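Each structure below is given as structure tokens.
Next come two complexes, and both contain chain A; in the first it sits with chain B, in the second with chain C.
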Partner chain A sequence: MKINLNISPGERIRAHYLFFIIIGIQIGVGILGAPRYIAEHAHQDSWISILIAYIGTLIITAIMFAILSRYENTDIFGIQHHIFGNFLGKFMGIVCILFFFIQLLTTLITYIEVVQIFLFPSMPTVVMTFLLLIPICYSILGGLRIVVGVVFLFSFLSFWIVVLIYDPITRMDVTHFLPMFEASLTDLLKGAKATTFTLLGFNILLYIYPFIDNKENAKKPVYLGLTFTGFVLLVSTIVSIGYFSPNDISIMSWPVLSLYKSVQFSFMERFDYIVIVEWMLVVLPTSILLMWAIVYGMERLFQVQQKASLLGSSILLLILCLFITTDLQIQKVTNFVGDIGFWFVFVYPVILFPLVLLKTKRKPLKEVQNEKDS
Partner chain B sequence: MDKDIKFPLKVEELESYIKSKFENNSDEDLMFSIYHHQNKKIAVFGIRYLIDSNNLGSYLLSPLLERQTTWTADALLNELPFENGSSTNNLDDILDKIILGFVYLYIEDEQNVICYSLMQEEERSLDKSETESVIIGPQLSFTESLKTNLNVMRQILPTADLVIEKIMVGNAIPREVRIIYLKSVANKDDVNTMRQRIEEVDVEELEDSTTLSQYISDSTYSLFPQFYLTELPAHLAYTIKEGKIGVMVENSPNAFIGPSTFFSFFETTEDTYLEWLQATSLRILRLVSIPLALFLTPLYVAILTYRYELVPSDLIITIGQSRAGVPFPPIIEALLIELMIELLREAGARLPTKIGQTMGIVGGIVIGQASVDAGLTSNVLIIIVAASALASFTTPNYLIGTSFRVIRFPLIILAGLYGLIGLTFGVCLLVIHLLTTESLGRPYLAPLYPLRLQDFKRVFFRVPPSHNYRRASMYRPRQHKRYSKQDASKIRNIKK
Partner chain C sequence: MKKILKIVWLLFISFFLISCIQTQAIENIGIINAAGVDGAESETESNLIETTMAVFQFTTEAEENTKTVSGKGTTIKGAVKDAEMSSIYKLVPGKIKLMLFGEVIAEKGFLPFMDTLARDPRVPDLMYIGVAHPNAKEILMIEEENISTDVGQFLHGIIEHHSNDHNIPRKTLQDFLHVYYDIGHDNILPIFEIVNDVPKHSKNALFQGDKVVGELSQEEITLVNMVERTVKDQLLELSIPMGPFAESTEYKENGQQVDEFEVGLNVIKSTSKTKLKDINNLEFTTDIKIQLRLVEQTAEVAFKSQKSIKLLEKEVKKNLENHLDKLLKKTQELEADPFGYGRHYRKTRQGKDLTNDEWREKFPDINVKYNLDIILVRHGAID
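Up next is the complex of A and B:
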């Protein structure tokens, strides 16, 4: 396997799209229920937990950039191959792909559950899964540029939802945040860990990095994207706590959705329905990017044809979506992804970084760049 | 072909040969006259109805027969007052050209036969545009004659920079195709792509420019037209100046333009004639009408079938009252009325203009009012369908309007089946489809994706001339600058 990749100019994407890629993959179904999980631990001080988690993502991203900068033009598969050797490298690659697969599965089943509970109790799961999988497959068949285009345009088409939150903001009760700084440090950290599921996905950087055209400008959009996600999460949590109360939201499944119930215009009301429908435009970019990473990983590791792995994983997802339908099962999978994700996304790069440093120090960098294992 | 017939030959041999080739055609069609001049036989032949007989008599036959000395082939070429004479000794050539209106002269026992084009071209005169209507600005539209069309284009763009390439397409019945662009502006790759695609078209015959655009389009499975079809020379000139490439085909009153983007179908030349503020407003109106045309009826179906809570109670009472007597679910109701509108439209397009107008009014009023009275549809739906039909008429280009008509029906059905989720699914597919579409290998959704904010002021808005000094960069023109910004911002008052 080649460690460094040669990407033809036609396949490359401009660095500023990284902003949309990061927010596209981070903001997904997680944010709808996030305030509840955070408030369970940190109560009215949840905003501190979010700030901690946000700073965490910044640090991890800096580490990822540092890892990537030791190589000429590679992705996580190349790095793992270089560090762990052929067999273990491939094994770690499979783990990466599997993790993305479970994350994708969680995204799909959670969204299907939300739709079925709020909007369409009679909607069969098969149909709903098809409605999600068809756009995913269609855009992936178009290649990375189309994937990025979808992510970019869909983010734009769903930005306006954020504006509607002005209505709950005007009805917030500030006393819900008092007394401040009550939560202990462990509670705050637990709250921060509870955001993991929402913030997951920014490790897509390790996969998409070789395709970036102007790498020298890559850092700014990534950090801005992380900031945007952090900001959205912060606002929605603060408004949820202020509008309901820390105790109320811990018994609500999707507090952010309920926020939109009160938004009203003379031609339309019940914006929670609109948000659920519009959330498809938020869920799809996440799913498309995850699916792209899976398909790309399979191609890179085992030279599997894109269409084959796309079809295979779609069928597998369809079957799994049909079986995991109860709320309890979905909760379990979500918690599982949250737990594993914490180790995988937040801890793994920290472990990988010294290894990369050691390995690239022993050999001069140039040799690493030109080395071709097979 | 008879191999043994070769020049020089006797006039009688030539006559029998040519006549044998036109065996089943009427004798009157083929003109084959033999004149005796200075003891030499001269044959003059051609196809009668293709030849301009006035020119033949006064400029060819009279000098030919009045000359005192004997003719030779060279003398014929040099002394007859025509600019397009040529000589050949190949019998195949004669057949190829005789059907194009050439007149042949042959002096017995000479090596070569001489021909002149005396084609009498029949064409309709230049007229006002019918399908693309213009309020201000040039009204002229193309005709079926390529020669006239090229003449018009050269008049509009009188610069040596304008290149008009010629390619013949069609193996059995060749047809002339012209690629037209500005050498210093158009992107070289795009020109090469266009030329190569047209050269590689391998068909027996070519009906029209629209057919050619289908043969060379990037994806034939696309819902959207990938080339802008226009019959306005002014529009073609406008886009050529922008750096695009036009293609014209003999016998077709339409030229097509590539690379085209989705949003270029909403530009008209009129936008440039208007003040920038008015032009911007109109253009935004046209862009807003896209979602109106596509999503208004599906939204009605989706909301009223599944989620009428979305509509505030005052409004739902109004809608409910008007729907109270309707026996169908919203989807049947909507499909019924949409179908009516489409029928009206299609019938109006097929009928002669005068009857078409009357039928439109009668059909619209009668069908609309009567179906409400009969309790088949609700008033609100009539308003919605009419509004979306109006919105789809605002597109300046017929092709993209047709695309919208086609797309609307699946969207209504999706909305009827799965409500708002189904509709969103449709929108997602549509957006992804637009993203995957390309025109001449250039992205169709530019300047939205790939994002080029600079181009927004040429695509979505019009800006004052002092800011409008650059061409849209999404077409990768060779020259970005149109004029100097400083000069344009100067106010020129005559000082006393």
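Up next is the complex of A and C:
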């Protein structure tokens, strides 16, 4: 397996698209319920937890960039292969792909659950999954450039929803945030950990990095994207806590969606319905990017054809959707992804970094760059 | 050609997938506009509830746009289902504008009936809720000729119209739940009853948690509002003793000598600030700054000099402070805190673990010092 990749210029993407890729994969279904889980631990000081988590993502991303800069042009699979060797490297690659797969599954079933609860209670999950898979597969088959194009377009089409929460903002109760700085450090850290499920996905950087055309400009859009996600999460949590009573928020499944239930215009009485449908444009980029990572990983590790792995994972998703039906099961899978994701996305790069340093120090950097097959 | 075939195939699938969704043609659904929930009064069927709904119907044959139906069941949804049996429509809750709860339920506690409203996402959050006296059915079954519109629109109109000038507590479902879940704050809801065959918003219900414990008049609501938030464009009616004004009074030739006279004052703007002065003795101060405009008086007092205006300001201040003290006593006896003093207690470091039960014990012992700053800005087109 090649460690470093040669990507033809036609397949490359410009660095500034990383901004949209990061927010596209990060902002998904997680944010709908995030304020509740954060507030469960950190209560009125949830905003501090989010700031901690945001700084955490910045540090992890800096580490990822540091890891990537030790190599010429590679991705996580190449790095793992280089560090752990053939067998263990492939095993870790499978773990990466499996994790993305579970994340994709969670994203889809959570969104479908929202639609079933709010719009179509009797709509079968399989039908919805099938419908969502059509645009996902379509964009994947078009290649990375189409994927990035879809992510870019959909981000623009869904930004405006954020503006609508001005209405709940005007009715916020400031006393919900007092007294400040009451949560203990452990509570704050627990609250920060609860954001994991929402902030997951920025490790896509380790997969998409070889495709970036102008790598010297890659850092800025990534950090900006992380900042944007952090900001959206911060605003929605603050508004949720201010608008709903802290005791009320603890029994709500999707506080952010409930915020939109209070938005009303004379021409449109129930804006939450629009938001739920519109949310598909938020969920699709996440799903498409995750699916791309799965398909790309399969090709890189086992030289499986894109179409084959796409079909395989789609069928697997459809089958799994049949088994995960109750909201408690969905909750369990979500918690599982959150827990594993914390170790996988936040802790794993930190462990990997010294290993990469050691390995690249022993062998001169150039040798690694020129190493073709090992 | 191949591409076109692909698209046709996709369209074909999408076309048939539409049937996966439940269809709801507007001619076949009844849109609930206002709903009322009543508890059974007899002991034997104490868990039975009755819902009454004013429903929009969109068939050409129907003469009237709205129709009132009612049904009984042990849950609200069950009662709606029962009501559907007497209607050719499927009743949908997506546009409920007003929900009334009968007195029996209001005294037992609201919350069990609020559950479905919060749980079912189809029910809008922005509907108004109110208490019906003696029961909701009577109010919603009112003859339409008496009010010249349908009753749901009518009641919603009353709340909407009056709440715009903060006359009455405008409580949407969301507002109610917000205050209910807040610690150290109790709800006020409007009470509707039938006066001269027309539903009227006559007084207001004071809640303790989700139970009604007392009633407040419109004047008292104004005072609560002035303590709790900024009030604009609001009428105050006060009785002022005649004594101090004797010098500056010009009676009409046939004017009667009176001890007290009535003034109508319009609150241009009032702002308030509440502080917890001493947490151990539960001492609060509330500073209210009120800008007033004289709109009516019954004694022909001429406000020519600064002195008489200052006098009026002083009397208004005395009068309002008196009323506020009385109101506080009244609510303290009922152990319900509509002002939200508990919120000021809870936001301190010492009181952060406050529970509602604790506040109910503490609230009767709190002392509030009201500092009113009255400014009579205008006295109208005559002196």
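Convention: the second predicted complex is superposed on the first by the 373 of 374 C-alpha atoms of A that agree within 3 Å, B and C clash if a C-alpha of one lies under 4 Å from a C-alpha of the other, contacts with A are read in each partner's own complex, and residues count from 1 in each chain.
Quick note on the criterion: contacts are C-beta pairs under 8 Å (C-beta built on N, C-alpha and C of every residue); 3 or more make two chains touch, one makes a residue touch a chain.
Please read these numbers as outputs of a predicted model, since none were measured by experiment.
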Scan A:R14 for contacts with chain B and chain C and give back first, second, both or neither. first
Look at A:N247 in the shared chain and tell me whether it touches chain B only, chain C only, both, or neither; answer first, second, both or neither. second
Output check: A:K261 vs chain B and chain C. Expected answer is one of first, second, both, neither. What do you get? second
Now for A:D173: first (chain B), second (chain C), both, or neither, which partner does it touch? second
Where does A:M280 make contact in the superposed view: on chain B (first), on chain C (second), on both, or on neither? first
Could you say whether A:F118 touches chain B, chain C, both of them, or neither, answering first, second, both or neither? second
For A:E269, decide between first (touching chain B), second (touching chain C), both and neither. both
In the overlay, answer first, second, both or neither for which of chain B and chain C A:V127 touches. both
Partner chain(s) touched by A:L153 [first = chain B, second = chain C, both, neither]: first
Shared chain A contacts, counted only where both chain B and chain C touch the same residue: 120, 123, 127, 131, 134, 264, 269-270
Chain A-facing residues of chain B, complex: 306-307, 309-312, 314-315, 418-425, 428-429, 431-433, 435-436, 445, 448-451
Residues of chain A touching chain C in their complex? 117-118, 120, 122-124, 127, 131, 134, 173, 175-176, 178-179, 182, 243-248, 258, 261-262, 264, 269-270, 272
Using the touch rule from the top, collect the residues of chain A that touch chain B in their complex. 14, 16, 115, 119-120, 123, 127-128, 131, 134-135, 138-139, 142, 146, 149-150, 152-154, 157, 264-270, 273-274, 277-278, 280-281, 284
Please output the residues of chain C touching chain A within their complex, sorted ascending. 10, 17, 20-22, 94-95, 121-122, 124-126, 174, 177-183, 343-344, 346-349, 352
